[in-house]
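The same chain A turns up in both complexes below, where it pairs with chain B and then with chain C.
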Partner chain A sequence: MDDALEVPRPQLPTADVQEEDQSSGDEDGGLDWTKLPKLGTAARPVIPKRGEKDFEPAAGGGSGLQLHVLDRSREAMLEALRAGRSISSKSISYGLWYPAIDRVHVITARGIHFSTMGHSATRAPPSEGMGGEAVDAQSNSIPGSKLPKRLELLPEEALYLVERGALFCYKFLSNGLPLVDSPNFEMTSPGAPMSVQQAFAEMTGRDGMTLERYQVYAYLKRLGFILMRAEPPTAEYPVAALTPLLSNRPLTQPQTFRGKLTTLFSRFASNVLSVFRLSRRSDWWKHLQLSRYRTSADIFQSLRFIPCTYSVPLPLPSVSEGKQASSSKALPFALSASPYKVFFHVYKPSTPFRKTAPPAPDFYVVVVNARTTPMPSIQELTALFDILPVMPLPPPRKRGVQPAVKNPPNSPPTDDPATKAPPGISRPSSTPGWPLSALTFLRRLLFFLPFFCPTPPAQADKLASKPTRPPNPFLALKTGKKTIVIAAVDSGSISFFRFGQGVFEEWPMA
Partner chain B sequence: MSTSNPILLRVSNKKAYVWDIDDVAKLRVCHHICGVLAGTLPHLSQQNVFLGVPLLLMPEEVVLLVEKGLALLVDDKNAHHDPSAPALRKWDSDRLRVVERQLALAEEHEAKEALNPDRAMSEKAILKRKEREEKRARSVQPNTAETSQEIPEESLFANDSVPNLEGHSESLRAESPHRSSVTVPPQTFTSPYTIQVPGASSTFEWYDQSTHSFTTLAAAREAGIWDYPATPAEYARCGVFRDLWEQGYFMGGGIKFGGEYLVYPGDPLRYHSHFVASAIESPEAALRPLEIVAHGRLGTGTKKAHLLCEWDEDKESVTYYSIEWAGFG
Partner chain C sequence: MSLIQPASRSKSHQKSSARRTENDRIYANPLPIILIEPSQPSLLHKALGLLGVSVTQVLNPHCEGVLDVATRSVWVLNMKDAMVLWQRGFFGKGDLSRSEPSWLARQINARKQAKQGGMTSEEVTAKRRAERKQFKLDRAKAMAAAAAEAETAFQEGRVISTIYAPDGTRMIPSAATWKPNRAPETQPDKSASIAEESDDEDEEEPIENVEHLQLTLQEAFFLLWNLDCLSVSNTQTGDPLTLSQVWNAFQNAHVPSPKLVPSPEPPQHRCFDNPFLVNYVIYHHYRSLGWVVKSGIKFCVDYLLYKRGPIFAHAEFAIVVCPVYEDPADQESSPFNLQNASPFSWSWLSTINRVNSQVQKTLILSYVTIPARLRVSDAVLSSPACFAHYSIREVVLRRFIPARMRD
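So, the complex of A and B:
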């Protein structure tokens, strides 16, 4: 790269710029398959740059040069597509696909993939019972006996490995062929050998894995991210740490009679409470006792008697006030049919990851089909954000002029708030560590009680007004406290969108 | 020729794929249908710029190809029959024969190397090889020690048994036969050989599409494998797509440009698109001014004109309007 800068250029760079202008942006393809390294030539494949394109073919279907170049591109593409999946017998893994349970049992696991893929599951051994049929029976019915565990892959994991050529998959045959028992699967196949085509046909659409979700999975996997299911498909699937999804679960479960009674009572109680609170809040004269306030921020704080936090429940569309009791029940019901559900937990490649105990995810990814799914409604987005944890603010970008402050945002605060806050670093009140996050978690728990409208976080507000205003709130405003990634897939092309929940109430401009 | 030998579109989960490379070429060259490559390229599996088979077709492309009689729909899942025992035995024996031939070739190659001692057997080379082996053994030892400590004995069957060896495939390979002696039956081939994971199923004897192919959309719909188009909007999209296709344009997905299709004057491999097309389902459909602004703005920004394609179901015709900034001041 540096050499290119040093070598004097024979032509003016403006010509280059003009050509760039002609192109219509990266999105518009411009793939040059001819620059793809030929099969087996390069030891370390290099991804070539996108090639140049012409505006349009010359009259009559293109000039001779255009046709020649096009033919070359097509040939290069087809040659690249013809590449087979070959792998050494010493590094290939073997798996057996059970269509009845949507899982691939890994017979031989080799390679680094399995440090981030697959989970162990307890299954009845196939030798017990009637041949191979017993495998389908979940062992959960016999809790006492100790059953062997085995490594299993979800459909997307198996399909990805098959597609990469790292896994040879056999389909389990239930038609009485005694092949499963054959000890030496290298000599005799333990089932029907599966091609990549068959794996696509069999494994997509299984266990919630639509083609769209698989494409997002494979896209991120190819880039090195680690992906896990957000909703554990079985009880044995490892659950990410600090997942607030669990707190949401009681809501979706069918309510028992006793549960209904308790919610009724609590609803009544909170109703009464809210009346009290309202009467207390409507003490208008309180706001005029000016002597209590020293700064203008204090005044603005107290003037804000419409609570502006996300803890205030959203008004429901097209539901009258009188029927709120039924609507509060209808709300989770309607949202449960929404396509906007977190499906994948995504981890950066650099995140230390143990697949038996995955840490809190770096990204939450929703996958939707762009052809059938409309834009998310505010209710859907709010429901998504409600289950997400509060993300810490990313470290502020360093400016060239100001001396960089060495204080990382995670370190315990050493300076007392009375002294001037360091200029380079923002110390927002929103991320003071775990006590507040525990508080918000608690509040979120309470929020699930209908009509329980917690007071706006007075403590946090007080904290916010105390120190001098942090220098740059825009990073926090742009990032938001909670972030969700929505992948919209339209027959093969994936677009990723990031939605953040703003924190405007915590960063008052006045 | 194209009618006598239609392209097979493998349908599973209401998505149509093309697996045969020759069909991919034929679609592109003869029928100017591009589709989107959706699979991992096996030899470049860590990037998303170049992708491989299967070629995933847009539903409009599928409808067009079937209606023109250029393609058949194949119920792919059911076309994969379970192999009979003799078929499977034959597949196994074929496979083993290939492996044996491979090993024989490797042996032959090795023997040739041995016969030619000046290069492989010179003292210098031997010394070097020994040194390399020692180095490898030294680097492997700490790793194996670590991993064997990590693994409790009882979890050998669990996923914990997969070593956490990132980037140490060398050492992994070195120890895997030793470990697999517990979980894996003994292998018969001691020396490594190459395995091909088959891509398309057409090589399988038990793959038979003849009883599972459909020449019309209605038949496929009846069989429950295909249901596009179903709504007026989808009919409009198909109509617009067909009309543009008949005029010789290449079409790609236009979601990143705020429309339904990108319209190319030639193969998208070489030419820029001129238009972003969006289908309007009927002459009565409402069009908001803001849409015109957005389309005009985005089209100008990307050096394309936006095409509003209005589909008239009764006349089965498309009316086109293009939006461009007038450019006064």
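So, the complex of A and C:
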């Protein structure tokens, strides 16, 4: 099924189709090379269907026929691999690799890639002899003078383009010819030409780009996603916008007079209750006073006293030492020592994207080596969740389409801890035996005041979302409040997992 | 009404809706206790209700169970109690059944079916499995034959397909085209006749129920402590245990001991990481949120969450209990070796997740923090007050398939 989605997009040049094919064989087995069209014969190659598998090996080892079929496939594969890869000189870009700064300076930019890749950087003009030793602009900038900007690629971007045959890279040589901005520099090489192998050898491991991260980068890139570094490697690198959701959030809270009153009242009520609870909490041996409850939902409500929350800080055992304020973002301490850091911001192909001002990302991707890194601990996950914004729920499945439902599922998380589930969340020392007496009492009292008519918080949530349709709690429960994508790379095969922050306590079933 | 009844496709919509209403009626109560509100609340009732004083009448079934230390479970031997606990909240499991204690009903049904020459659902399943096995054998045979034919053709210098015959028809049977032979039909006749013979002998004597309902310690303690609708007695003496004795005995059940008798004395070393306590915290948490919590051992997880109960829908969530020690030193000194206390490997995570997404369940990792002994004194453990010191964090785990997330 994934194969169909991984069919190369029409704008791709035909030359790099083989790579695409290989990457598509991620799930099961290899590719039937015999069905691969001869190179150059088809203008637009199609990914072949795979052949039927033999059910079981024939008794007594292989048969002549099976050997024949195998040999034919093998030959076809070697044939396909042997073919020289050609690139049109009209569509290729040229770049110069500066190992000292881990960047590729794009000399000639062609094609659509640069609308989503590369960033402009200010570099001092290369001085004679020292050439593009390219010291950072800030260090030797002459005040007042306007320094030239140039398009630069991060190692993963350059490697990706080199690998797919869209970029030809030269390696900068300090004693080479000075870089001339002549249009025919393609004749006078600005450095030593680099092969794909050399690019892999030189660029892997540079500037945080491990092989695993490159593999994730290239895989997602081939699928059409747009990737940016989460932590800007330099000050000039564009930073993603904050999630606009956060600013919208308070608006969903009804700020009417009555709403305020209700909030005030319930805060008061829970304060009263906490005093009340403390006085009662001596007897944990008591059963629930069942006769006080009117429905079983009330009983369930009163049983919710086990703290279930991310708001209470977790004790951090060993990780907490590495206390370094890393980079611009104030990361929690646990994160600075752990391999679990958001490395890529990923945008869907459909997200409107501007390179200079990236919007809030669609996914936050962490890349780890599955061989050396165990699953994240809860401390690491909590630290990750702490820096993530609350994400909107995906629109419900197209069944009786209701795009308006998008808001109501968000409303319970709109952070009303005062009204929501008063027992125990903030104070772990509440008693199970405490009935809803005080709260219910006050609430019932208020029912006698016609203009007030407060609704119990849990029901208020329900009421708020009633007008559209009661949202499906399963969607919210399965998505979680915040989501982090972790790519565990096991020597080349990538498994992606979504870790969501569970919200079960906000969506009781009874 | 019973779980074991197969959903026959031929049944009319009316019939299924009738069954649904019937199920709604039988399984109407989410808890064993029933609260009855006065049908016509008088003014006095209203006034009392205003003061939060009892207006509801409580029907408490007062079930009885016996603690069995060897199986770490509480046995409910009285079938009336067992059915109350099953039908109101799906507590427990029949020891001879997959969930609902239905052994007796199945025996009676089997006897009836044998008399009529019909088949019980177990027999239908067995027959289907036998047919499937036969299909696979037939398919393998057909493939081997096709391969042999192609091999001889190859030696003659021709290359032919091993899948399609020269006339274009498929040679290898698929699950859609394969038909069982007539032969197996004779077998049921034989077995039926044998069954009939044996049936005649014991027709008069009614079948005695040998099944009981097993409650896990978590389920038992939930019923006993919160709802007071269960009493647990000592296997040996038959004396009912007090709540504090139960509290001790359930924790002691997890401490290895040569004698398999309940020990209601306080345990020597109380531990926050006693498996009973850790699991109870999770069990109680999801029960209190209104989920029906059942064991998830079939799917390599600890618990399954059903929305209303296994009768109504498949489980939606699979819970893995992951204990987290606040103080790692406690883990080292602990007599218990709790499962999943350290993060599992990626391959195991993938395994669990694959199994559960295959059956349409979402995997939830429920992390329970185990209070540090330095922070919370062990004295708290002498009563259920300790539950408030644990905390739960849930992590929803799903596969992320980039190719399907592009729009």
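By definition in this document, the second predicted complex is superposed on the first by the 283 of 510 C-alpha atoms of A that agree within 3 Å, B and C clash if a C-alpha of one lies under 4 Å from a C-alpha of the other, contacts with A are read in each partner's own complex, and residues count from 1 in each chain.
Here is the rule we use: a residue touches a chain if its C-beta (ideal position, glycine included) is under 8 Å from a C-beta of that chain, and two chains touch if they have at least 3 such contacts.
Model, not experiment: these values are computed from the prediction.
Touch criterion met: A:376 reaches chain C, while chain B stays clear of it. In the superposition on chain A, contact of A:495 is made with both chain B and chain C.
Applying the stated contact rule after C-alpha superposition, one finds that A:224 touches each of chain B and chain C. Once the two complexes are laid over each other on the shared chain, residue contacts for A:480 go to chain C alone; chain B is not touched.
When the two structures are aligned on the shared chain, A:338 is found in touch with neither chain B nor chain C. Within the superposed three-chain model, A:70 lies in touch with chain B and out of touch with chain C [touch as defined at top].
When the two structures are aligned on the shared chain, A:234 is found in touch with neither chain B nor chain C.
When the two complexes are overlaid on their common chain A, residue A:304 makes contact with chain C while staying clear of chain B.
Once chain A of one complex is fitted onto chain A of the other, the partner contacts of A:202 are limited to chain B, with no touch recorded for chain C. According to the touch criterion, the shared surface of chain A, contacted by chain B in one complex and chain C in the other, consists of residues 54-56, 219, 223-224, 370, 488, 490, 495.
Those residues of chain A that touch chain B in the shared complex are 22-25, 27-29, 31, 33, 36, 39, 45, 47, 50, 53-57, 61-62, 66, 69-70, 73-74, 77-78, 80-92, 107-112, 114-115, 118-120, 148-151, 160, 162-165, 167-168, 171, 173, 175, 177, 179, 183-189, 192-193, 195-198, 200-202, 204-205, 210-211, 215, 218-219, 222-224, 355-356, 370, 488, 490-493, 495. In the complex of the two chains, the chain C residues touching chain A come out as 29-31, 33, 35, 37, 49-58, 60, 139-140, 143-144, 147-148, 150-151, 154-155, 159, 162-163, 172, 225-228, 243-244, 281, 284-291, 307-308, 316-317, 322, 324, 326-328, 342-346, 349-350, 353, 362, 364, 366-367, 369, 372, 383-385, 387-407.
Contact residues on chain A toward chain C in their complex (touch as defined above): 2, 5-6, 52, 54-56, 58-59, 63-65, 68, 219-220, 223-225, 281, 284-285, 287-288, 290-297, 299-300, 303-310, 312, 314-315, 317-318, 348-350, 363, 370, 374-378, 381-382, 424, 428-432, 435-438, 440-441, 444-445, 474, 477-480, 485, 488, 490, 495-505, 507-510. On the chain B side of its complex with chain A, the touching residues are 10, 12-13, 15, 17, 19, 21, 24-25, 28-29, 35-50, 52-54, 56-59, 76-77, 80, 82-83, 85, 88-89, 91-92, 96, 99, 155, 157-169, 172-173, 176-177, 180, 183-189, 192-201, 203-204, 206, 252-253, 255-257, 262, 265-274, 302-304.
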